Amino acid sequence: MTGDIIIISAGSMGIIGAALSLFLAYADKKFKVEEDPRIEDVLQIIPNTNCGGCGLAGCRMFAESVLVGKVSITGCVAGGQSVADALASYLGVETQTANKLYAVVLCRGGEKEAVKSSIYKGEKTCVAANFTGGEKACTYGCFGYDDCVKACKFDAMAMNDNGLPVVFYDTCVGCGACARACPRFIIEMHDVSHKLFNYCRNKDKGAVARKVCKVSCIACSLCVKDCPVEGGIEIIDNLAVVNYDKCPQDTDAPIKRCPTKCILYDEEEKITKEFYYSTLKKTAA
Amino acid sequence: MDVILIFISASIVNNIVLSYFLGICPFVGVSNKTESALNMGLATTFVMTLTAAITWPVWTYVLVKFNIPFLQYVAFIIVIAALVQFVEMFIRKSSPHLYRALGIYLPLITTNCAVLGLALFMVLRDYNYIESIFFGFGTGVGFTIAILMMSGIREELEYADVPPVFQGISITLIIAGMMALAFMGFAGLIR
Amino acid sequence: MNKKVFKMILVLSLTGAVSGGILAKVFHFADPLIQENKRRELREAIFVVLPEAKDYQTIEKEINKEKITVYKGIDANGSSAGIAFIADGGGFQGNIRIMVGLNTDYLKLKGIKILEQNETPGLGNRIKEPEFEGQFKSLEIKPKVEYIKYRKPEKPNQIQAITGATISSDAVVKNINNAVEKVLKNFPSEEILK
Amino acid sequence: MEETKQEKPIEQPKPVPKEPKENPIDRLVVSSSPHFSTEDNVHKIMHTVILALLPACAASIYFFGLNALFLIITCIVACMATEYAFQKIRSKPVTITDGSAIITGILLALTLPPSFPLYAAVLGSVVAIGLGKQIFGGLGYNIFNPALLGRAFLQAAYPVLITTWSEPLTKAAKQGIDAVSAATPLALMKFEHKITPHLDLLFGNTAGSLGETSAIAIILGGLYLRYKGYINWKMPLGYFGSIAVFGGIFWLVNPLKYPDPLFHMLAGGAMLGAWFMVTDMVTTPTTPIGQWIFVIVAGFLVVIIRLLGGLPEGVMYSILLMNAFTPLINRHTRPKVFGEGGQGGLTG
Amino acid sequence: MAEYNLWHEFKKGLWQEIPPFRIALGMCPALAVTNSATNGIAMGLATFFVLLCANISVSAIRKIVPSQVRIATYVVIIALYVTVADMFLAAMFPPISKALGPYVPLIVVNCIILGRAEGFAQKHPIVPSIMDALGIGIGFTLSLALMGSIRELLGFGSILDIKLLGNWFEPWIIMILPAGAFFVFGFLVAIVNYLSSKKPAETHGH
Amino acid sequence: MTLKTFKHGIHPDYHKELTAGKKTERAQLPKKVVIPLQQHIGAPCQPLVKKGDTVTEGQKIGDAAAFVTSPVHSTINGKVKEIEKHPHPVGGKIMSVIIEGDGSVKEWGNGSIGLDADTLTSETIKNAIKEAGIVGMGGAAFPTVVKLSPPKDKKIDSVILNGCECEPYLTSDHRLMIEEPEKILWGMKAIMKALGVSSGYIGIEENKPDAIDALEKAKKSIIPDLKIVPLETKYPQGAEKMLIKAILKRRVPVGKLPMDVGVVVHNIGTAKAVYDAVKYQKPLLERVVTISGNGINEPKNLMVRIGTSFDEVINQCGGMKKGLEKLVIMGGPMMGIAQTNLDVPVIKGTSGITVLAGDAIRPAEYQPCIRCGGCVETCPVNLMPYRLTDYARFNEPDRFKAWGGISCIECGCCSFSCPSNRPLVQWLRVGKLRVREAEKAGSR
């Protein structure tokens, strides 16, 4: 009796199993779809944050594109060199050097420096304020709301006491989300080798610019003259513009005589550190 | 008339999610977007109806006939697993877009306890074949209704100021609790 | 390709067969115990509703393709201690199964015990509390068991419904009435007492 | 890399607004258009609703005495305290003065039986505000009507207490007893097939929740709200209409078994629900079609639950159920954008 | 190295990945059968048993199962152990078997088990799989016991049938109902979220 | 008879009594004018003069070769002082010609009112309008001649003159209709002639009965079969699409122009400018500007030379009230643009300068949305603003677009009626911007 039941059970289950696996095998053959299984693997390698730094619509798109060779393995800016290396070894190609980029906020006209001309009553985001103009008289500078900070997916930005965004030099992966979020295009993406920046975007004439902000560029040309290489710095649209192809990035000579201290050298790491200290002090107190 | 009552009972009055706690995982997992919730609901309804249609003969003509009811769970689950896999392959072929939207959730239907639960309830309640199919379909519709409602609410909450610790699963479950409270109003409607 | 299919079939059917076999074996050991548990439960329930009974006898009848089972209680003297049967019917949410004990004179209930119920906790499920079940002790079944609300029972065939759980109380009474009626019709007392 | 991440502050300090040196009045204001707005505001609406609820409160105190007063006060205080506590914990601005918590408190109290214990009322208030409102982020984000959620919670938590009713003082005095346990008109209808006279229902001379009894007091408040323009006429009208139509169908089919439509409207929570809960802005649809769907289906549910369901009253559940559907309704009843659809510019 | 890993595999189930709060798996039984502490523990243990056996079996046969029938094979194995557990409960502890009702068979579809089988046992050898099952199983049992205790305390005033709250306490019936289960679960998840969000903040100070 | 109108909309306080009864005064001749080279929608002009050049009133000083553009003229006699970027009332800085006046005034012909309509051809009219630099004077500043030159496949059958002036405070069109109805009607006749259209309408809100009377009286001798349609006083009655719906019951499809349903809508002021241009070849040099609002000491209607600074205009109205917060708007309070700087010039589209002060300014604080549906109820284009703003704020351009957000006409009804005082329009603008950005990124 027991033996019977065992045989019946085993038999019927075996038959059901066999029937279903046959059915599945048939379905598998019938509905076969080819999809590159490597896409999932690539998604595992890259940070998969959909930051948009590669300029494609999402990480999956990047994975698909990198597999067919449409984009370079260094295309994932957020991943940087380590991801480029990992992708190289996964795809079995030679690794390339990724350019590390980082974001630079080209305005230093915070609460202390910029002149305020109006009282802003509206939504406190830069993109909204850009329709009407914010509180500051300068129409080129930072609004002081935090669209860029919110756009950063890597927690690499914060607002400082002066109402200006600060980029954490170490944490920034260079995806450019903040630069895209800024309606006044104050944030620019730069190669890590760039050290000399004109921290002002005001294209008004010197006299006008000076009136609205203490640290504005007044286009006095002193830095142009002080630059060791001819044409390293030019005045375009009432602004000193550093030509990174020519201007040497290992000297702070051009900034010495700047009357408004808008052009500065090797400032980014300092800003980050300062910010650390000030916030640490605050949390301690 | 009976089958209609069974259908209404399974879909609304004794909603599988809100009064039997079955199918909670996909209910929580796939309810953040209305579109995928609807697709999930439809896929589940399809699987449920098929499950009812296939497990009933397996139960009646194999397990009962050979007097081996203790193989119930094993037999049912293997049918369900195969069905889900079939549906997965089918969707993958017929609508890659839908496949991408549902993606990882399709295998979840296998572990959707609502499907197995439905097969077990069906046996427990001695439904005949037609009733079983209606029961399976009704349960699927009930699941779809619940997950759709939840997805609607959750989409609304994307823009709400929910305290961070409650975000995600927590608030979803609490809302489910509230929905269960509201569904208590149907108690006793169909006996 | 064919090898793969073969492997699929082999693995799945083998797994199925092995588990089927194992389960059959386990079932073989567990089933007697499970059956024993069920019997014991039934026995206890019968003895609750027929307190004098020390043993029981199962009587089955098939009427209109419907199987009706009653349990005849036998007291210490070997004479009848009343009959017990299960009243099964819909409650507020799902079924209520009641073991009903009937006096051999077929006039009064000896007691009831709720075996299964799915009523609202704290409200409907108070039907299984002794205060409620106890009301059925020596309750007259003719013409019919009735319930009244908010007041103490006035007639010998009345019980007081649970406040706020009228539907559950109603369901219990209805189930009992139905079952009693069926038993009275199909199991005349002479048949049982003989 | 890990180290630097750890060091990074979690809280980002907000810039400290500096006191401007010059007189701010000299600076012009800039804002986005429109620069102009209506004088209605949330506070005003809420306070008007509170005012509109006063007649119902007064009626309940008249019929049920001090018990009712204590219950109302307890609910209001507990609701405000809960709101305060939540907002303090989340360090959000405290908005207990905007009146919404008070409304929730009053509404909750009005749905409770007069003899309901105060500690349970406190629990209900905590649930109403805590679970019903603050957990979603406060006013405006809640999905369910907070007061009804609190009441539904209590119904599930204390099913006995919440269905223990007493006769109004006016009747009890006549019978010479203090408090008699009694059945509500709806329970009488459902379980004993007794129809309470319409006049009693209208004035509130029946057992029931504080706010369920006096229809006329609620109508007064509701009409005041309508006069002030804070409720959409569709909502109460549609709700009543739907109840009347579906209730009427049952009544026509079997007038002996089922009560007439007027009874449906006057008995139980239908009045309170129609004027103060269906009209709750936050938890009901915003689109014109959606509003109709909401009230019609809710009315249908009331009739179904009352007549066919296990419970005597369905207003609360009908509204809660429809609350849960509201996001979906809103999404699928979007009005057609002006000029959208069809080429029919010339015919339109 | 192996030993270090084993401890980790065990430990993670107790807090880092404690189901069902941290990894949202196995929610159905956690909601359905936790109306008393006893039921919760019984369910937890039953799941634990199945999990352990399933992890061992899956890990043992992981290399011979073709991917097309992987899930089907695994669920059959799981169903096997579940049936065994079910029969065992019915034979030895009938009251518990009755209280758990149809939820014992539903262990088959408890996502935890298939989840661990798919996610862990399939990729790891037997010993780590056992440790994983032990950790997750114990974590799950504890979670269920916790939920059962809370619900029983509020819904009946007792834990493990021992009356803890006096007669002054009017039990909240809702805690035994579906709605209450959802609320308790939701709040426990929130508490776990809160605790885990606090932890890194503490280390941050150093 | 119920008045014609459209669905939804709002009834704000109009405050028109401040200036409605005041006759238009001629403003003082400005000593300096700033003529921005772009005062219209379309291609910006290139300067035709150099620094130091002497210019005369009405001399063309900027033009562009594009189709959609409009030339600019010097509005005084004097000398070009500078050509540089100057703040513009619409926002930002625009290349402008700054002219210092010598105090003399040119006389433009002053004959009898009326046009010799028979001798005018469509081409001569259009040419005169183009040369005069006429743009839509209701605020949008779309070059008029472009509207009068529809593509061949679009058959225009009606012209509507927009005399609604639904913006609160503004009365410049109202005054013009009372004071110069004949000129308006002659201008209208020229427009109809230019388009070859015989059916014309003037839509006027019924709160301006005197304007309706004046036009009714004047039309008999000029265009007898012109229909003057009184409309319900409701904001935004003057929005093109709403006006067409109210008068002709036609709906302009989403993303289409009135032209697509055979209608062209012009402003009252435009008609008057057309008359001047056709009759005297006088360019658009001055316009009626209402200076009103509770922050102005003496609200007035002024005939102002284009290029006069806001500061100067406001000073001629007794200046602004002291001691209160002030908000200076070009246009009316519903759709006007707030100014940060009073150095900006009056341009062709400046129908008014509204100065709000103190409590009249919308507070900055807002409360959470209570989903009252007020915005849905008032939106004239049937949007659901409260929902769209969520999509805008959370940067979901796809949903924003799917829910019709780009159809928003920014009329401000939603923000106006919001009891929580939410800046809905601002968010809607952000949403529209995000949609445009996403489309740009998508097409890249």
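For this structure, a couple of remarks:
Think of it as A, B, C, D, E and F in the order they're written, each chain with its own count starting at 1.
The criterion applied here is as follows: contacts are C-beta pairs under 8 Å (C-beta built on N, C-alpha and C of every residue); 3 or more make two chains touch, one makes a residue touch a chain.
None of the values given here were measured: they were computed from a predicted structure.
The minimum number of touch steps linking subunit A to subunit F comes to 1.
If you take subunit C and subunit E together, the chains in touch with both are A, B, D. Top-ranked chain pair, ordered by C-beta pairs in contact, is D-F.
For this pair, subunit A with subunit C, the centres built from the Cα atoms lie 72 Å apart.
We define each chain's centre as the mean of its Cα atoms; on that basis subunit A and subunit D are separated by 48 Å. Note on chain placement: the centre of subunit E and the centre of subunit F lie 69 Å apart, centres being C-alpha means. Spacing of subunit B relative to subunit C, judged by their CA centroids, is 32 angstrom. Multi-chain contact residues of subunit E, defined as those touching 2 or more other chains: 68-69, 72, 76, 79-80, 83, 87, 173-174, 177, 179-180, 183. Taken residue by residue, subunit C touches two or more other chains at 4, 8, 11-12, 15-16, 19-20, 23-24, 27, 31, 92-93, 120, 122-123, 167, whereas all remaining positions touch fewer. Counting partner chains per residue, subunit A shows two or more touched chains at residues 5, 8-9, 12-13, 16-17, 20-21, 24-25, 28, 117-123, 128, 131-133. Touching chain pairs in this entry, ordered by label, are A-B, A-C, A-D, A-E, A-F, B-C, B-D, B-E, B-F, C-D, C-E, D-E, D-F. Here subunit B touches subunit F in the complex through residues 158-159, 161, going by the rule given at the top. Chain contact summary for the complex, subunit E toward subunit A: residues 68-69, 72, 76. Put simply, subunit E touches subunit C in their complex at residues 64-66, 68-69, 72-73, 76-77, 79-80, 83-84, 87-88, 90-92, 94, 155, 171, 173, 176-177.
Listing the residues of subunit F that touch subunit A in their complex gives 84-85, 91-93, 325, 337-338, 340-341, 361-364, 423, 426-427, 429-430, 433-434. Those residues of subunit D lying in contact with subunit C across their complex are 159-160, 163-164, 181-183, 191-192, 310.
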